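Each of the two complexes below includes chain A, the first together with chain B, the second together with chain C.
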Partner chain A sequence: MKKYLLTRQELSQLLDRLAKETNLYAPVKDKTGATWGKVKNTAEVHLEEVNTREPAKGFIFPRCEVLLRFDQKGNALEPEPPEEQIVFGIRPCDARAIAFLEKFYTIEGKTDPYVKARREKTTFIGLACNRTAPTCFCLALGGSPHDATGMDLLLTDLGDLFLAEPLTAKGEKLIAGYPEAKNEHLTAGAKLRKKAEAEIPLRIDTAKLQEVLPKAFASKIWETLALNCVNCGACTFLCPTCHCFDVTDETVRGSTVRCRVWDSCQFTLYSRHASGHNPRLDPRARYRNRVMDKFYYTVEQAGVISCVGCGRCIIACPANIDIRTTVERLLKEFPEE
Partner chain B sequence: MNNPYLPLPMRIERVVIENDARDLKTFDLAFVNDSDRKGFQFLPGQFAFLSIAGVGEAPFGIASAPHEPLIKFTVKRVGVFTTALHELEPGAIIGMRGPWGNFYPLELMTGRDVVIVSGGFSFTTLRATIAHLLLPENRQNFGKITAIYGARSPGELLYKDEIRQWEKSPDLQLVLCVDRLNGADWPKREGLVPNVLKEVAPPAANAIALVCGPPIMIKYTHPVLKDLGFKPDQIFLSLENRMKCGIGKCGHCNIGPKYVCKDGPVFSYSQLLNLPPEY
Partner chain C sequence: MSRSEKLRQRAKELLASKEVAMVIGYCAGSKPGLSQPAFITRPEEAQRLIFDSTCSQNLANYLLKVKNSGKVAVVAKGCDSRSIVVLLQENQIQRENLYILGVGCDGVVQNGAKSVSCLACQYPNPVIYDEMIGDEVEKPAPDPIVAKNDKEFEQLSSAERWQVLSEDISRCIRCYACRQVCPNCYCPVCFVDASMPQLVGRTHNLSDNMAFHIIRALHMAGRCVECGACHRACPMGIDLMRLNRRVARIVRERFDSVAGVDINKPPALTQFNPADPQEFIK
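Let's look at the complex of A and B:
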């Protein structure tokens, strides 16, 4: 697709206008870094961190969401449809995660209407990463710090100018009227991409993983890999592709709603039957489920590995468990074992 | 919006207390809206979620056959939702969403003998299957039907009226058993389902076995079926992993890459042999 050019000032003006016209969300500063917030103008936007602490998945799959309301007679009513929103500053790993969630929630004829409606009402304006963190490994999984998957519009910071690549009609609309980029700008963008990619040394043989993982299921190696896991679930709550939820009824100020909230397969009660039987009683089995789900199960279900290499689980884990180490060890020890 | 989370309103028409312990009740539900009834088509083996506003929802196997006018669920009181449901009386309106999941392999069963093995209150979807197979228009499509059904004690057997009729039916060999008698007056068999299955020994040639029960029963039933000559692709089991959505999104019910709510609840034993033991 064609790429366009905006000056830094034009981008500020565009964002200020969007903040007035619609709901604009962007990374904002908080005590320990950056988090997602609704912004009124460009000045509030905080792009100094490599990424936000929480993923962007909440924009299409909120942490807590009303599925139904009940009237006095107990009849179930659907909630109001979601509002339009524009998310600025999403990084390529998170946008790929959005693309995965969108796919996962609509596969095989059974569509989740809430996720679908939210994605339709959301525009993602992404920002390519010129800088990476030591925990980033998107490149190892087929992504890139400059990948455009899942975005509506991708911006690359060239200094005084921004390269803007529209990926969808929504993105086209935003960028209409700006001048087209010239060859020199495209070359500058490509250079930045190369430099950022070079910062990620890790490579993972994802094709081999598909052979290794089913073989590794019954292995004792999981005891070592999950030895320190305290089943806190931080890794799953911060993961941009984790899609599990629980459904509960709540009464808030006298009115009853049915909500869904994020859930985690790392919790003991997650798979417990009402009879008391629990197919995944020990922590090792639960850690294994998470890893298998990311790198193997979702390949079977949706055709893609669902780890996007954002590194959040590595940063958050209180037990210092590093999913890269897990994958590397699995690849190293199988099929020899 | 075609919303799979939106329950349809259902009226409780009848409640039957099924057992001596009084913790199993069958609820006969009628559609409040005629249009919903037309849209609700299912086959034996499928399940649906029942919903009570403010309490929540839970999945249950559909115990009625497709031809029966009311939708039946037999529910054991075990926790929050099931207790609230047990407290409702005829006339109450609740919600239902579904039908979800796959069904017993009726096509594969056509022209073959059918062996039904069930323990405890998991008999529900097999009740639906028996009622379906015994329909005069379906009868000629299937061979000999043998059903082995066990409960803890005589007072814990479900669907007593129907059982009485089925026992008289020339089309069905119904073998009832109870785990232990404890002095109760019971003219039929005492023994665990797998052992009774061994004694009855239905021939495996050209037969399909349907098994439904707690994981422990499934575990002990399979070796017996194997000894009787049943191959893994002749055995079908219904599983009950924990569920929240019923449509393959919430993640709760997975067995490896499969979801019990969507790819099951009915699996052939050969399918399960290729999946991790997570049920």
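Let's look at the complex of A and C:
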């Protein structure tokens, strides 16, 4: 697709205008880094960190999604429909995760209406990564610091100029009227891509993983891989693709809401049956489930590995469990027969 | 011989002589400047062990996980050893199944800076051990900034304190990393996980978040050793130590009790003393 050019100032003006016209979200600074926040103007946008602490999945799959409301008399009240929103500054890994969530929630022709409605109301303006963190490994899983998957518009920071690549009609609309990029700009963009990609040396043989993981399922290796794991939900809640939820009813001051809230396969409650039986009581089985799900189960279900290599689980893990190490060990200890 | 070398040697000897079945210590993490818990069962693996300022996890937490592994040796800093004392007092682990390799600690580092819990540390040396690896370290002077922040917090009105806490706690995502890394938070079913009936709402609104944090803080009263593991584990960077220090201070001042420093002194909340202050009963 054609690429366009914006000056830094034009981008600021565009964001300022969007902030006035609609709900604009972007990375903002907080006590310990960058987080997503609603911004009123470009000055509030904070792009100094490689990525935000939380992923962007909450924009289409919020932590708490109200499904139903009813009052004490039993009258059903319509939940509020999602509002239009523009998300600026999403990184390629997180946008890829958005694409995964869209795909996952439409498998076998069954569409999740909530995710769909929110995605339709959301425009993702992505920003290619010109620098990476030591925990980044998108490239190892088929992504790239300059990948555009899942975005409506991808911007590449060339210094004084931004290269803008629209991916959808929404992106086209945003960029309408700006001049087309010339060859020298495309070359500059490609150079930055190459440089960023060179910062990620790790490669994972994803095809081989598909053979290894079912074999490794019953292995004792999980006992050593997961001994550190304390079974908190930090990795799953900060994961841009973790998508499990639980449905809960809550009554606050006479009004009851039924909402779906994020759940984590790392919690014992997650797999407890109504009978009280819990097939995944062993903490190691719960860690195994997370790894199997990322690299095997979602391939079976949706055809794609659901780890995008953002590295948040590595940063967040209080026991310093590194999913890269886990995968590398699995590949090493279960050679192809 | 450096402390890490001595640790490796002793771990190797303990495993080779079959005195212990496992040594729980630290090994280098996958990122520079980080270490991770290590579970060593073979003498030749003992060379992986390290001990330095990156060794931040409270390893007492893992003693509950390896209960059926026979006698276990554990590397314990001052705070870890206090957690062990609390676990012993509460009959969660058996002293005869434990071999404590004590290490003096100059404070652990997170993201390049000394952890806030270590800035206020008064027990850098283990309070209980079978042998010390290396020398004891000197008790640091209490950090004036932590004391100043605490004092400022204390002097706020209760509405203002609520405001400060609310701002922090509203960011909680309820991943329970704080609870899971806490050695002394070991209930088989946590009150937030009780589902029949549901005691605490599962949405992430402030009242549910606050209920979790305040009830947890109260459950830890007289038991929290202020190791700061929860604070360091929080992926959202919530200042959990502010609440913990305050609770610990109240217990210390009211009941003359400090958690986990004296194995022979019953914990504050397990004993009744008619002289206890009870002006809240009206």
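Convention: the second predicted complex is superposed on the first by the 327 of 337 C-alpha atoms of A that agree within 3 Å, B and C clash if a C-alpha of one lies under 4 Å from a C-alpha of the other, contacts with A are read in each partner's own complex, and residues count from 1 in each chain.
By our rule, a contact is a pair of C-beta atoms (placed from the backbone, for glycine too) under 8 Å apart; a residue touches a chain by one contact, two chains touch by 3 or more.
Given the structure is predicted, the values throughout are model-derived calculations rather than measurements.
Taken together in the superposed arrangement on chain A, chain B and chain C fit without clashing. In the superposition on chain A, contact of A:Ile314 is made with chain C only, not with chain B. In the superposed model, A:Glu84 lies in contact with neither chain B nor chain C.
Legend: residue contacts after superposition of the two complexes on their common chain; A:Asn289 is shown touching chain B, with no touch to chain C.
By the document's definition of touching, of the two partners only chain C reaches A:Lys31; chain B does not. Residue contacts after overlaying the shared chain place A:Asp205 against neither chain B nor chain C. Of the two partner chains, chain B and chain C are each touched by A:Asp246. Between chain B and chain C, the shortest distance over C-alpha atoms in the superposed arrangement works out to 5 Å. Where the contact sets of chain A with chain B and with chain C meet, they give residues 246, 248.
Taken together, the chain A residues at the contact with chain C in this complex read 30-33, 53-54, 63-64, 134-135, 224, 227-228, 230-234, 236-238, 246, 248, 250, 259, 261-262, 264, 267-269, 283, 314-316, 318-322, 324-325.
Chain C makes touch with chain A in their complex at residues 29-32, 34-37, 39, 57, 61-62, 65, 173-177, 179-181, 193, 195, 198, 201-205, 229, 232-233, 235-237. Across the complex, chain B is touched by residues 67-68, 70, 73-76, 78, 104-105, 107-108, 110-114, 117, 217-218, 243-249, 251, 256, 258, 260, 263, 265, 270-275, 277, 279-280, 285, 289, 292-293, 296-298, 300-301 of chain A. Of all residues in chain B, only 1-7, 9, 51-58, 78-79, 82, 93-95, 214-215, 240-242, 244-245, 247-257, 262, 276-279 touch chain A in the complex they form.
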